[in-house]
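Across the two complexes that follow, chain A remains constant while its partner is chain B and subsequently chain C.
Moving on to the complex of A and B:
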């Protein structure tokens, strides 16, 4: 009975069939609290990158939802994620951002924990505890599940959560365009030193749904397109290669992920990129050709943007970055941003990429600034009791899904809001408690949805005349 | 009689450098961005590291490194010029409508002068800033920190050749950095 009431309450707010989402999701503190329990305590969340903790004793203090956690590597080289709180009276055992340590010692009463989480030191153990305290029972709280996926560390507090690969489902191919080497080798990334952290006065879902693939908002970035910060001097990024590719909006409504990638229709030769810097251009030319040689037809998938449910977003290529939208109240988010490069890329390449990343993303990023302004004032303008009566509109492309590519998920080659509808469908499933029973099949599982589907059978993007994707000339895609 | 000429040269230099910094702040607050750009040397370095919480004894790791790590800013005149161009499009929504910004500059200390105070061609100067920003209706930010500048005298005019900006924050407490320090 309670389950039904909860179901009805949630589905009164989320009507994906009509493309209507209540503003309560973005401003309501009670829903926000429910999200912490029903969603963030169960989902797989990105914690950090293995390159941040290369040596035994290295640690990086991260967050999972509202909780502070420690990502660390123990003496046996095993990676752990611990709740950053003393088991005795709760004090944070680590208030540094990163470093190397043999033990985490609580400043309050001095309990200390090894990098494997075991309680190894209790002051006056004999005198005060008469050696009666069972230290083995009072180690740091550790996540029940953790995975190192191509160098990225993910964890969940739910021991019954499906394995990460299953959680990721068909989103894998899109996430891999972020995590694999530019020349097609698996994994091989590292993060540049320093994680950007800043506050955004908006609900975390504004950022998540945007990165799930909101190509419609490009008009918002007109100023940076005019100023021109791309690695070839114009627009926001190099997009020539996309002029011969098809947009691939991929939604995974049973999982909550969303991505926008591009799919080349044929073998397309390298098109110039990074033209500001000859040595970098040469590097990416080499990588492009090498990737094609290694991956064959699979190299036709070019990643752009995506959001792994619920709050881990990426930009796959230009710039190449992971962001986490940490919830900090219904009206506040703390954004953390990591920047990736191939670990073995030449220093000149890393340096040019770093400069480009910084002028694009983050609070000083000329693109991301305008996004945050929109999320900020959309949040503010949705707080009022009158405003809350009027749901947001996610009807773009409703009923227009085309599931006929050799690629998993619910797909479209149009600019549409199916990815956002998919995100909220999954959000509702977590919130009403139905998440343990996802429908499976072609919507999620990484198999082609229809036999014989050929990418080439679909309209090239240019025929659909979508809005300018990245600030280059419209004919350039 | 004591010769005060060296003291006088230092006083005059202090006054000139302060005037430069105040004029620069004035141009920014008056939104005269192109005139502000003209105060920057062509090879200016504009660097604002991020700051980490690190253990005592490891303070060399507190700041992200110029030219290597992720920073808030680590750029030259080309990118700074693009930032100005972006504001001047009139559709840079994070600065449209324009914010009301007030730069307070204080604690101006000349750390080094070359070759001499009486004939200076390069000055290293440290100062404090307090930047107040108010935008749209009630949105208000206050940012406080230090700057370490290198000024060069080029063709009879002082130009900013290097600026290190040290913000006294860890998690940035503002949503963006659309303005100049």
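Moving on to the complex of A and C:
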């Protein structure tokens, strides 16, 4: 398809200016296939956590888009991500979820690969290949770019993709509220327990856009709030400190990420949480005060939820967790959820958190079940030929300006659908073929980047401004 | 000749190969297909003696 035709086709489905998104994005198999090539083959994707592979030979089988990959640590302690497919006839080389091994041996004909990916064993190499096979050419396929960001391992299949830090842009400050220690030290997390995995009959974008900061659907979780699964037995989280903080919806339309955090406007003393368990209560009180001491004003940002484009979501605090929405078909998503904790937290704290996390998230978690009900039934009710004619509505807060806060991104201080519009704006840029450098605003059609926009730092500069020439409000829509 | 279960071969076990070589198991990845072993003798190539190689299951003919 010519680029302009493709551009028009994609933008007929995604009309961010009007806040209209076609249902085809959620049900159409052809679009789904295009996503694999245009999006998942180019984006930075979360693969796993370094704490899952602490020793040489440790491995964790993960996925990038539809493709199975092996995250492993070689004998020299180097971390690798390999495509989990044999170079001989394509057999899945590693069929376990995780473990430790000196070699990955293909069960089909027996080719064997070292943990550094090199092809080290070929049956009948002397007798039948006459040593003519160039083993150096036939190692496991490795991702061209990989990064260990505060213990989390991310990779991309695109060697031309911008460096991870640039890809993340201003989303960093929000993601850090997940990844940094509760007491403000950098990094320091580990995975608590196993990875929860389950399949949902819905498109992956339902989950991604929800976690990009759908603060509107709170009503769905009212029964959980009534049941009181929270750390102190009321609601679903202990969130008193938020009552004095400013909601901060942050959208990065040039990057696709979205987050909702809370910004304390002043130094706020610790508000008790985890009150049913004194050891945990004391631990979090200590962490809160330490964090304030270490970070000063920066400690005022409290993370809640976010989605790193395209399909890595997090909950920053309660529960503290990463989820990946693996695409498995237009109508099928495999959800994987990791729970995080500070590696050096006391065992009692880890145990209480583990119970709370499981009450909240995962296929048996009460809140996650609510979300899945919505996505699964929305899928069913959107599949039909008649239903498909009617786009979804993303108009909340369209064209509104929310004022200036000292934080990167397009900011909203109340419930809005800016983050979802930002997500689909970036989705369209990838699908349109403009996937490369966020510095060009994700566009390849020669149009200028939005006035004043720079990656990860788009700030509303004045209130009540009309939309830009291209119809978009610079702060709200 | 009975089929040898590679998963039972412990380090130190001496095994005979189809080409008449004798090797000693150094480590076993337990994949049932390969073992890492050191050559003790090789009628085919004496320079192999002392070297380590991955030995393929179907090349192993006996436990010595």
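Some points to look at:
In this section, the second predicted complex is superposed on the first by the 433 of 477 C-alpha atoms of A that agree within 3 Å, B and C clash if a C-alpha of one lies under 4 Å from a C-alpha of the other, contacts with A are read in each partner's own complex, and residues count from 1 in each chain.
Assume a contact is a pair of C-beta atoms (placed from the backbone, for glycine too) under 8 Å apart; a residue touches a chain by one contact, two chains touch by 3 or more.
From a predicted model like this one, the values you see are computed outputs, not experimental measurements.
Following the overlay on chain A, a side-by-side fit with no clash is recorded for the pair chain B and chain C.
Once chain A of one complex is fitted onto chain A of the other, the partner contacts of A:200 are limited to chain B, with no touch recorded for chain C. By the touch criterion stated above, A:95 is placed in contact with chain B alone, chain C being left untouched. Contacts of A:298 after superposition: neither chain B nor chain C is touched. Once the two complexes are laid over each other on the shared chain, residue contacts for A:120 go to chain C alone; chain B is not touched. In the superposed pair of complexes, A:363 makes contact with chain B only, with no contact to chain C.
In the superposition on chain A, contact of A:112 is made with chain C only, not with chain B. Contacts of A:37 after superposition: neither chain B nor chain C is touched.
Counted by residues of chain A touched, the larger count belongs to B, out of chain B and chain C.
Fitting both structures onto chain A leaves chain B and chain C with a minimum C-alpha separation of 8 Å.
On chain A, the surface touched by chain B in one complex and the surface touched by chain C in the other have residues 101 in common. In the complex of the two chains, the chain A residues touching chain C come out as 101-103, 105, 107, 110, 112, 120-121, 123-124. Residues of chain A that touch chain B in their complex: 95-99, 101, 192-201, 220, 222-224, 226-229, 334, 339, 351, 354-355, 357-359, 362-364, 366, 368-370, 372-374, 376-377. Contact residues on chain C toward chain A in their complex (touch as defined above): 27, 29, 31, 33-34, 36, 54, 56-58. Interface residues of chain B, counted against chain A in their complex, comprise 48, 50, 52-55, 58, 61, 64-65, 67-75, 79, 82-83, 85-87, 89-96, 136, 139, 170-178.
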